[in-house]
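Both complexes below contain chain A, partnered by chain B and then by chain C.
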Partner chain A sequence: MRRLCSAAVLLAAGCSRPDPLILCHNANCTGKLVVHRDDTLEALRDSLAVDVDGRPAWDGIEIDTVWHGAQERCTFAHQVRDKAPDAGEAAALIADHLLTAETPSWNGSLFVLKIELKPVVGLDLEQHDGSQERQHAECVLDMVDTVQAAAAAAGVDLEVIADSSDDGLLREVARRPRWRDIPRRRLSADFGAPRPFTPDTPKLSDFAGVPLDVIEFHPGWLTDADVEAFRSLEVDFVLWMFSATPELLAAIRTYDPEYVNTGEAELMRRWIER
Partner chain B sequence: MRRLAAVVAILLLAAPARADRPARDWHLGLNLRPELAVHPVRLGGGLRAGSVDFLAVLDPLFWTDGVIDTDLVTEWWLLRGFAVFAGWRPTAIDLGDGHQIQHRMLIGAGAALPELPGGFRAHVGFELAVLLYKHGGGLPSDGLSFDRSAADHISMGAFLQVEYASPL
Partner chain C sequence: MGRKLVSLAIAIGVMGVRPAQAEPAVFGGIDVRTDLGTQWMRAGAAVEIGRLSFDAIVDPYGYWTREQHDSEVLAGWALWPAGWSLMGGWRVSSLPLLGTRYYQEKAILGLAAPLSALPLRHLRARIGFEWAVTLVRHGPDLPTFWLWQEDELHGGSFNLGLVLRLEAGGAL
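Take a look at the complex of A and B:
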């Protein structure tokens, strides 16, 4: 879109502004990129308070969940961490926000709860076994129950996105009746840096048969062919980023995503609303 | 990788600049870009004195998205037709009631293309841009990180500069 807008100089045509829903990346979107605070209760509390003009800067929050194989528990974390809090604690904080906030999100009526299911269960990058997949999926649906109850009590529309780079985890979520009972639910395939930079980045073919609604990717790390393949699936896009650079802002205009997942929620909101 | 391959191919095709080029000139033209990092068309110009070129590149397309990139670059034509350069790119992002300013260091290499008629000339270049610091707009200041978020702080770009040059 950025290039299209530039061409408009010659064509004397205007161009529309992007209007994505903004998600708080890794529950850590206070604007300073301190990655060791990703998916911590402290950063989540601070992020829930990030506002623009008296409203939350974001439309929803991303929570990462890790099944800790050795401790056999579901954690709120970006990677396996022994002292990570239980994932339910993050859900409880968000539920409390929905019950107490004057305005639940920037748009005022919809709150997007995006829960990423991380594929690794151990420090040596072990993957889930079948039992762990089931327990992880149940954990995510327990979190949804907590937030859904609060949203209903507060009169807030809730959209739930279950996101993973592990197709097995998405299949496990999707086959559960509790998932199908969520009125507004979306399944998202997550693509990070290409192999070999990120060994657990999936292939699109891994998700064959998964009823995807959304694909999340970093626009700087994939080829145009990858993105065109995503487009062919007629899914919505989530663009994620570490830092809001001109390249990423241009990508938002180019790909016109439904969601932008950023650690700089205030910058993104003010840039969009300028 | 594709951009790198394209730039290497262009560099291999690049022809040496003419030897009878004046010792000093001024030049003004278009700086054209294929990637998303900066706007595709900017205005670039400067002064060349011997083997050193002082360049400024300005961004007239800021109105399309509220992002203004300005380059200040010094280029050294070390070999016949080939140059290396270093510079600074401040970027201003419009936030409605203020701007965030991002500062990037630029390093790269360029090559002259065959001379064009009528005082026009062209050269191509490849650059590495590193985001060192950002501040302003009432947002937290932040510098170059040395963790996984550093991936967004480093970018590569290529350009074609087509310009009119006249002796001083």
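Take a look at the complex of A and C:
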């Protein structure tokens, strides 16, 4: 992990300043935190334009994908929505960004494409069957192909994170040869609010045997024991948040995560670069 | 570590109740807390006039490091002599950003009570429970949000704190 604190600041303030990669939460990181714009093409377009000093405020974008069971298609959405666009449209927008942007991301060379696979396929919270798991995994890899081709053409280093709270979906992605062909790939287990506040929060034991690289969690919603269990796995962390409160910023200082997934990309960037 | 020490101090502090000052009094001391809504230790001054109290809490460490700092004013009314006080106030949290600062302004509601765990006459301790809600957050060139403009209320809008104030002072 990169460190920015100078020795003088370390001595003076006793701090070690974290420098995480910033991800654009739910492809909606203009800072307005309008939840119903999460995972919409409009918000994605606006988020791709969020900049600090002429550079994108973020290092990568999170795209949520939902397998719409009734329509049998892979959508770019936060939950099952009949009129959601196809997931490929979001990938095409990102590919276009990589091909046309002067600077692809804040760091200038690496772009992180984080694709979350939502576990629910119907309005009554139905889960994937085996066939739907396979189709959803293929859809995600199709998106990666689109973005990967653009990244290669633009000379951008691409890191792909496949993320889900559903271990079955991660297993399905991980077993596919196309996944293993991605040079820089990471598997991420996603933890939301504890049950019963959200129905799809997994147990860590669900992921037994999944070669996890990353765990994503909200630091305000889990106990220290949960986080210590994550630490024992020697994985990197993604901290996600609703809004950048002092408590969340304190958690970033405490956990020094590799990634911060935020809807306030400009605010977070300006806090990190302060 | 800091939060654990604060928790221990509060646990020790709640063992007894100390009578409140009957005459106008002035106190100064430290304000420590268990949560990370502010720095875990700040400094404060209090004035008590009968059942009415006024507190100003400042953040010398935050000012010195130019990192996050939190300043607040509180007013309290003792529900009965030497008993629990209803507290209300305003906190300004200031966060450093590249080239500027970002502000989160919070209304505070809470309860506080005097304790009697300290042996010296001019020392006193108070315990408080605070609930802070972020009413507005703003900064140059960044969106301004009022509470009612939030699309969805969530845990980030609220902060619950357990506070111990250790102070020296006495009647005027």
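Here is the rule we go by: the second predicted complex is superposed on the first by the 260 of 274 C-alpha atoms of A that agree within 3 Å, B and C clash if a C-alpha of one lies under 4 Å from a C-alpha of the other, contacts with A are read in each partner's own complex, and residues count from 1 in each chain.
Please note the rule applied: contacts are C-beta pairs under 8 Å (C-beta built on N, C-alpha and C of every residue); 3 or more make two chains touch, one makes a residue touch a chain.
What you are looking at is a predicted structure, and each value in this text was computed from that prediction instead of being measured.
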{"item": "Combined model on chain A where chain B meets chain C, clash or fit", "value": "clash"}
{"item": "First (chain B), second (chain C), both or neither touched by A:241", "value": "both"}
{"item": "First (chain B), second (chain C), both or neither touched by A:273", "value": "both"}
{"item": "Chain B or chain C, by number of chain A residues touched", "value": "B"}
{"item": "First, second, both or neither for A:146, with chain B first and chain C second", "value": "neither"}
{"item": "Which superposed partner A:40 touches (first chain B, second chain C, both, neither)", "value": "neither"}
{"item": "Chain B versus chain C as contact partner of A:249, first or second or both or neither", "value": "both"}
{"item": "On chain A, the residue positions that both chain B and chain C contact, one per complex", "value": "15, 30-33, 35-36, 220-221, 241-243, 245-251, 266-267, 270-271, 273-274"}
{"item": "Footprint of chain A on chain B - complex, ascending", "value": "2, 35-41, 60-61, 64-67, 69, 91, 93-97, 100, 102, 131, 137, 139-140, 142, 145, 147-153, 155"}
{"item": "In the complex with chain C, residue positions of chain A that touch it", "value": "12-13, 15, 30-36, 52, 220-221, 241-243, 245-251, 266-267, 269-271, 273-274"}
{"item": "Residue ranges of chain A touching chain B (in the complex, touch as defined)", "value": "2-3, 5-6, 8-9, 15, 30-33, 35-36, 193, 219-221, 223, 241-251, 253-254, 263-264, 266-267, 270-271, 273-274"}
{"item": "Complex contact set, residues of chain C against chain A", "value": "35-38, 65, 67-68, 70, 93, 95-100, 102, 104, 134, 137, 139, 142-143, 145, 150-152, 154-157, 159"}
